[in-house]
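Quick heads-up: structures coming right below.
Each of the two complexes below includes subunit A, the first together with subunit B, the second together with subunit C.
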Partner chain A sequence: MTVLKLPTFSPSTLTNAASLLRILALAAIAGAAISSRLFAVVNFESIIHEFDPWFNYRATRVLASQGFTEFWNWFDPTAWYPLGRVVGGTIYPGLMATSGVIYNILHALHLPVDIRNVCVLLAPGFSGLTAWATYMLTKELKDESAGLLAAIFIGIAPGYISRSVAGSYDNEAIAIFLLMITFYIWIRALKDGSVLYGTLAAVFYYYMVAAWGGYAFITNMIPLHAFVLLLMGRFSHRLYSAYSAWYAVGTLASMQVPFVGFQPVQTSEHMAALGVFGLLQLIAFVEIVRSYVASKQFQVMLRWFLVASGIAGGLAIVGLTITKTIAPWTGRFYSLWDTGYAKKYIPIIASVSEHQPTAWPAFFMDLHMLIFLFPAGVILCFKELREEHVFVIIYAVMASYFAGVMVRLMLTLTPVVCMAAAIALSSLLDTYLSVEEPARPDSNGVDETSAPGADVPAEVTVSKKKKKDVAAAAAAAAAHSAATTATKAKTKPSATYGIFGLDTRLVVIVNAIFMLVMFVLHCTWVTSSAYSSPSVVLASRRPDGSQNIIDDFREAYYWLRQNTPQDAVVMSWWDYGYQIAGMADRPTLVDNNTWNNTHIATVGKAMSSSEEVSYPILRKHDVDYILIIFGGLIGYSGDDINKFLWMVRIAQGVWPDEIKEPNYFTPRGEYKVDDQASEAMKNSLMYKMSYYRFNELFSGSPAFDRVRNQQLPREGPKLDYIEEAFTSENWIVRIYEVKKEDPLGRDLKTANAFDGGKKRKPSKPTSRRRALTA
Partner chain B sequence: MQLLPGLLLTLLACLGSVVAQASHAELVRLAASNGGVIKLTPTLFNALTAPNREWSAAIQLTALSPQFRCSPCTEFNPSFKAVAKAWSKVPAEQRDQHFFATLDFLEGQDIFKRLGLSSAPVLQFYPALEGPHVKPKSQRLEFSYDFNRHGFAADGLAHDLSSHTPVPIPFTPPFNWQPWFFGATFLLLSAIAGRFAWMYLGEIIMNRWLWAVLTVVLSLVMTSGYMFVQIRGMPYSQRGSMIAGGFQNQYGIETNLVAALYGLLGSAYLALILLVPRIPSPTRQRASIYLWTGIVFVLFSILLSFFRIKNGGYPFKLLL
Partner chain C sequence: MAPPKKVSTTASSSTSAITSALQDLVQSYKENTPKRVKIIDAFLLFIVLSGVAQFVYCALITNYPFNAFLAGFGSSIGQFVLTAAFRAQVNPATRSQFTIISPERAFADFCFGSIVLHFFVYNFLG
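What follows is the complex of A and B.
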């Protein structure tokens, strides 16, 4: 029995039409994924965003212009001055290599594309591939229609867009694609027990290791999956072949990345994979022996052998960890479990905003309706519970914990949420789009006519109209499967359960489509308003609603580039190191590759001490210019005074006797910059540089800091050892020049006082100041 | 004649040092009699922090009596005592140059007032100002122990104080047998219990729906900001308001509300997918479809309005 008659086609026509529709839908999804990431280019311009991407871009330029060998051996003397940085051995080169290859291919085809545009558009391009990989993986879990839904979800979910808009040229740009494709091939390898697919998974795993530090997620997810399958008593030779192939090839391959080196056999993060590998070998061995020797006693003995060698292996790993042969968990990894650890021991990790825990609005913002379809999808996975569903369940648990601990790891949660939500939504559509109607329990079939016939064309047009949408593709696929079952059903009696009537179907379908529309609107709004700002260029609204572009950063960096000698060392807080190197092309003391805590603490100490204390530090490090970010004039809250406490904390970690955090608070424990500010605060170099000459802007009335909403002291700070060199249009970036030692051997404070006492002397050195007012 | 004032001065100085000596001996005796911690009175406090002291002192200013309900005080007191006890094991020569002392609010309200303290506990460090062991002026700072930085635990305290005491405090945290003991007992008991319960409980442990519920509850709780509340130590609710202002902020109760909303919405969909098609009667089925769809619609409106409170600029809304 069916609620409405569908036109009948031959099965081959249906299959062909469905596969054509699928291809069209996938292409449309890739297009949607790419174009929704172009807001940043449309609103601003084709520019590299934020901080880390600037380094990746700089490295890629080296790779593209000098070739891979030069890039591999690149020693950068301008970073971490005067230490320098061995770049080739301290990065994940996958991202740069990818853009390098694309750049070379395009040039081989005589398409003269600028390397910058390759870098800017890499992330959107790979998001299309991510959508495809998610489609393939979800197809293994349920069917094609769920796959298409998952693909469009991952394509436009803000949780993934936040890290992959055009210009956000970071490792995550390609890493999520690699994550999904590795998982997909792993599932294929496990399903088929194929050594070929296992090796292919290892190859993509290698690519992932070369591309992102988060590869440890795969390194632990696949063994965990294998281990849970073992616990569920689902050992099979398919598992054995797939896992052994993946582990052996993948580990050897991953050790070829210089930055990883021998870690896969020496650190605790990788021991789970090794342990499961050993366990699988033991179990396989026992299985083989058991198949030849059937005696009962022997089997008991084998079981004990298995237990004993398992315990022995576990103890061996523990013993090696205690004797330090295996390095313990690294701080970054450990802080995921012991959440108080980073704050106490590695403030530099805790200070990064993307390492903060996630509050619930962030989840809803990034995933919208997917977040509540997600548990429903997980339950449906439990209903099936094949091997691949176990994988999704483990993935769901781990990723939701990690995303709760660190905002940044929302990125790993998004794919699994998309898959589970797609399973749930596609099950719903399957149920309510099927034209099958169960047999009525009461035999008087008069009720059947109550289903209004007028609704039939309406329902069809609804699904026709949405053809470009996924819902339509899913509907088509579902209709197709329903139609094929319908042809079969001719011979069989009607299904025992299903949905009665048309209006019921319509209500649910319309509600689902409504939700999808809300989701699309939400994603568009979030992407355009929250995730498409390059943070190098800021936008604000004028009172009349027109857009005001604040371009202080580039203004200041180009000033440095054009007005200072090539080897002038610039000191700034580490956040701006990559940007200075990338845009101003000047040596920096510290940058976003935070490998040397002491060096960062040195900068922190120089910023938080008084001028007299800082000056020797500055001179010893050959600092010529100091660059700070100040938002007090236009209310830019991400400025250095707001980050100042982290500088103090990090400096305190190294010099606990000289820098003390409580000294920077008022006696009542408040963080203030006004009259009540503590002495240490007022005397610190950072405070003085931020507010130097600030009250001159207010012509007599007291200066007002718009970020901290406080009035500043009437008397502004005085500088003796450094002098103002440049201040950008909105005062966001201020650059100071460090004075050289006094030629007469006086200390600079006395010299300055001497000069100040003879104000009318014509030889007053004011040339630089005049340059500013001009 | 001219000798006389000089003589007097010397005498006075001797007398002064004798007084100091006497009170030093007294302090040593007091410390030894109370496990290394001197129980202070206002007069003793003044003697201990006299401006001519030849010793340093770490003084805990606290409010231990139950009427003040100062739970940090009671939390910190054992750590302080443990560190003081560790200090009493140092050879007498160095030990007597540094004292641990405690002053309760009940005993010395005037001292609290004089120091301008409005909260407890406070641990104040007074360096030696005179005598042979005095440190160079730059390191001779009075400071109060930073609880935020070093925490309430004894090892943090010992570690921080060690850089100011004459010799480092030989504090080793007592080996904590408790978790090992209970852990071992628990493992043993559960192994035995598991062995015997397997025939009865095996069904339950192997039941996939038990695991499904556990998994879903865990992911619901995690995606509703539970870890945020835990890590930041957010209160369950504050001053009657249930919703914290600000996008990157939330209270404990919000975790429950949001997890419940997500859970209800998810189960509404599950009901539509799994339960509704199995209802054999068309009328009842139709009613439940309309009911569940309505529930989805209403709950989603509530969720959106909830989100609009957190994010003022959010442009979309339904019903509410």
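What follows is the complex of A and C.
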């Protein structure tokens, strides 16, 4: 019996219409996913964002203009001056190769698209594919409607958008798609026991290895899944076929990426996959033997076999560890288990803000209502617990942990949250949208054993009340039997439980729709306000609400490009290395590829020491210009003074005798830039460069730093060894030129004092100031 | 697969139980295995021997072109597991586990997997 009379169609019409609607819905979802990522382009312009993308963009330009072989052999002498960098062997080339291929295809079709636009729009484009891959994977878990929900969730969830807005040209842009498609194909391979899908999973795994360092997540997730299935006693030859094909082909394939090299057979991160592979071989072998012999003899043989293989395996591990063939875990990996590890031993990892532990509000901000539906979806997975559900449960547990440890790993949690939430919501909608109604207890009269009223799930209190006046006696009688049959009832066919009446359905469905609308509003708001800033161009609001674009970075980089010789070496903190190389096209000392800690510490030392100590370092490294970021004037908090302590810490790691962190604090342990600032702080090159001539802006009244909210000393710092070369409009970027040795052989301090005494009369400084502040 | 070789070395110390069990195993294998599966097993045995030879060479003499060793050894291992999966998919005793894979499909899968595998092997030989 049904609550609503539905118009009837022939089954073929229904299936055709359903599949057409699904295709349309998927296309619409892909469109929504792509267009919601275009805020950055609409609000600002088609520009590459942040820091790492600038390097990827620069590498892609090389690939597009000079071809793949040149790109592969590219040695970049301008990075890490004077060391240089072998780019081809130290990157994951998947991203650049992808956009290179797209660029070439478009040009072969005579569509003269600029390589920058390919790069800017790559991430939104791949987010559409991610939505499709998530749909396919969720379809395997439940059904198509859950798949569509998962697709729209992943399409607009801020947790994924944060890394894939237009212009955010980073490895994650394609990696999440590869993650989902690899998992989907793995599930298919496992379900069918297909070598074809296993091999395809390996091919996509290879693509993933070529694209993102996070491939280790797949390297450990799939073995973990296989291992858990083994522990659950679910060995099957399907598992053997799928896993073996994936591992054997995938491992060999992953070693083709030069940056990965022999790691898959040498480092501990990859050993779990190898161990599970070996275990599967043993179990498959034992299974085959068992099929041939009687069980008693099998036990005898099994005992011998276990002893022999145990001894052999133990000896092999001991031997490999002694000979150091297997490398120990790397620091980045330790920091996943011990969140304090990085801070103690590898400050350079801890100094990156995206490696910090996640704050609780971030989960709500990035996932909104999905984070509440997520546990429900995982529990629903337990209800069915097929192989693919086991996978989602493991994925959920692992990703939740990692997302709690590191902010950036929120990215790997988002897909599983979307899938689980879609399963939960789709189950809810299935239940409440179905027009089937369970048989009313009074209508079948005699049939008391079925007692359907008592089996109604607890949330249907409304319908219970309505029904009570009719069947109060029957319900009371059935109440105690309900307790015993409640668990069984869930698995019974639908007639025994369900929802009564239209009103209950309406209440729940309207609520669900309300939540979905709120989710969309939240996602749009977060995307447009928080995640679409290119951070190369800043935006602020004027008092009247109109937008004010702060373009200091590009102004300064363009100045460098126009006013300095091509080979002028620019020193800056490593955050800005890629941008200087990409936008100003000048050699840099250090950049965001933080492979050489000592070199970074050298820059840290130069920044945190006094001028006299820094000058020889600067000269030895041929530094011509120093670029710093200063936000004190307009209150830009991501400036170098706020990062300064990390420079000190990293320098201290290499020169513990010369640089000491406590010296940079006031005696009371505060980090201050005002009168109470410590001597080391006031004398440090960074402090001097930041506040040089700062108080002139305030025409007599004490200068005020709007980031630290502190008043600066009346007397501004003096510079002897370097001189100001350029300061951008809002003082965000300041560039200093390092003076050459004095031609008369004096040291620069006395030379400067001499000049200062003599050249008081000509008004050169004031004219320059006018030029600067104008 | 040809099982007896692995255990027989450690079985020297005691029991006739193990030797008789092994004899039964060999007997049962001879009787209950289709001829085609035996051919696959012979191929598997060959791959094992070639893999062992490479490993011994690597361990005793040199692993110098390590990529070449990995490519060769990976080829052995990969081909072994692909063939073993193929064996499981066509063997009447285990075929029931694969619901949608017919023996013909299994052979096509096997070929596809082997081609992809050897594409990477060839690329890695150096």
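Note that the second predicted complex is superposed on the first by the 687 of 774 C-alpha atoms of A that agree within 3 Å, B and C clash if a C-alpha of one lies under 4 Å from a C-alpha of the other, contacts with A are read in each partner's own complex, and residues count from 1 in each chain.
The rule is simple: a contact is a pair of C-beta atoms (placed from the backbone, for glycine too) under 8 Å apart; a residue touches a chain by one contact, two chains touch by 3 or more.
As the structure is a computational prediction, the values presented were derived from the model and not from experiment.
Asker: Determine, under the contact definition given at the top, whether A:F372 touches first (subunit B), second (subunit C), both, or neither.
Answerer: The first partner, subunit B, only.
Asker: Examine A:T431 and indicate which partner it touches, taking first as subunit B and second as subunit C; both and neither are also allowed.
Answerer: A:T431 sits against subunit B, while subunit C stays out of touch.
Asker: Taking the superposition as given, does A:I393 touch the first partner, subunit B, the second, subunit C, both, or neither?
Answerer: A:I393 contacts subunit B only, not subunit C.
Asker: Regarding the shared-chain residue A:W360, is it in contact with subunit B (first), subunit C (second), both, or neither?
Answerer: first
Asker: Based on the superposed arrangement, let me know which partner A:W525 touches: subunit B (first), subunit C (second), both, or neither?
Answerer: first
Asker: Would you mind checking which one, subunit B or subunit C, touches more residues on subunit A?
Answerer: With both complexes superposed on chain A, more residues of subunit A are touched by B.
Asker: Within their complex, state which residues of subunit A touch subunit B.
Answerer: 339-340, 344, 356-365, 369, 371-376, 378-380, 382-383, 385, 393, 396-397, 400-401, 403-405, 413, 424, 427-428, 431-432, 438, 440-441, 447, 497-501, 503-504, 507-508, 511, 515, 518, 521-522, 525, 529, 652, 656-657, 660-662, 667
Asker: Applying the document's contact rule, which stretches of subunit B touch subunit A when the two form their complex?
Answerer: On the subunit B side, the touching residues are 116, 139, 143-144, 146, 149, 151, 163, 208-209, 211-212, 215-216, 218-220, 222-228, 230-232, 247-250, 254-255, 258, 261-263, 265-267, 269-270, 272-274, 276-282, 285-286, 289-290, 293, 296-297, 300, 303, 307, 310-311, 313-316.
Asker: Give the list of subunit A residues in touch with subunit C in this complex.
Answerer: Checking each residue of subunit A against subunit C gives 192-196, 198-199, 202-203, 206, 236-238, 240-241, 244-245, 247-249, 251-253, 255-256, 262, 265, 281, 284-285, 288-289, 291-294, 297-298, 300-301, 304-305, 307-308.
Asker: Spell out the part of subunit C that touches subunit A in their complex, as residue ranges.
Answerer: Its residues touching subunit A are 1, 3, 6-7, 10-11, 15, 17-18, 20-22, 24-25, 28-29, 32, 66-67, 70-71, 74, 77-78, 81-82, 84-86, 88-89, 93-94, 97-101, 106, 108-110, 112-113, 116-117, 120-121, 123-124.
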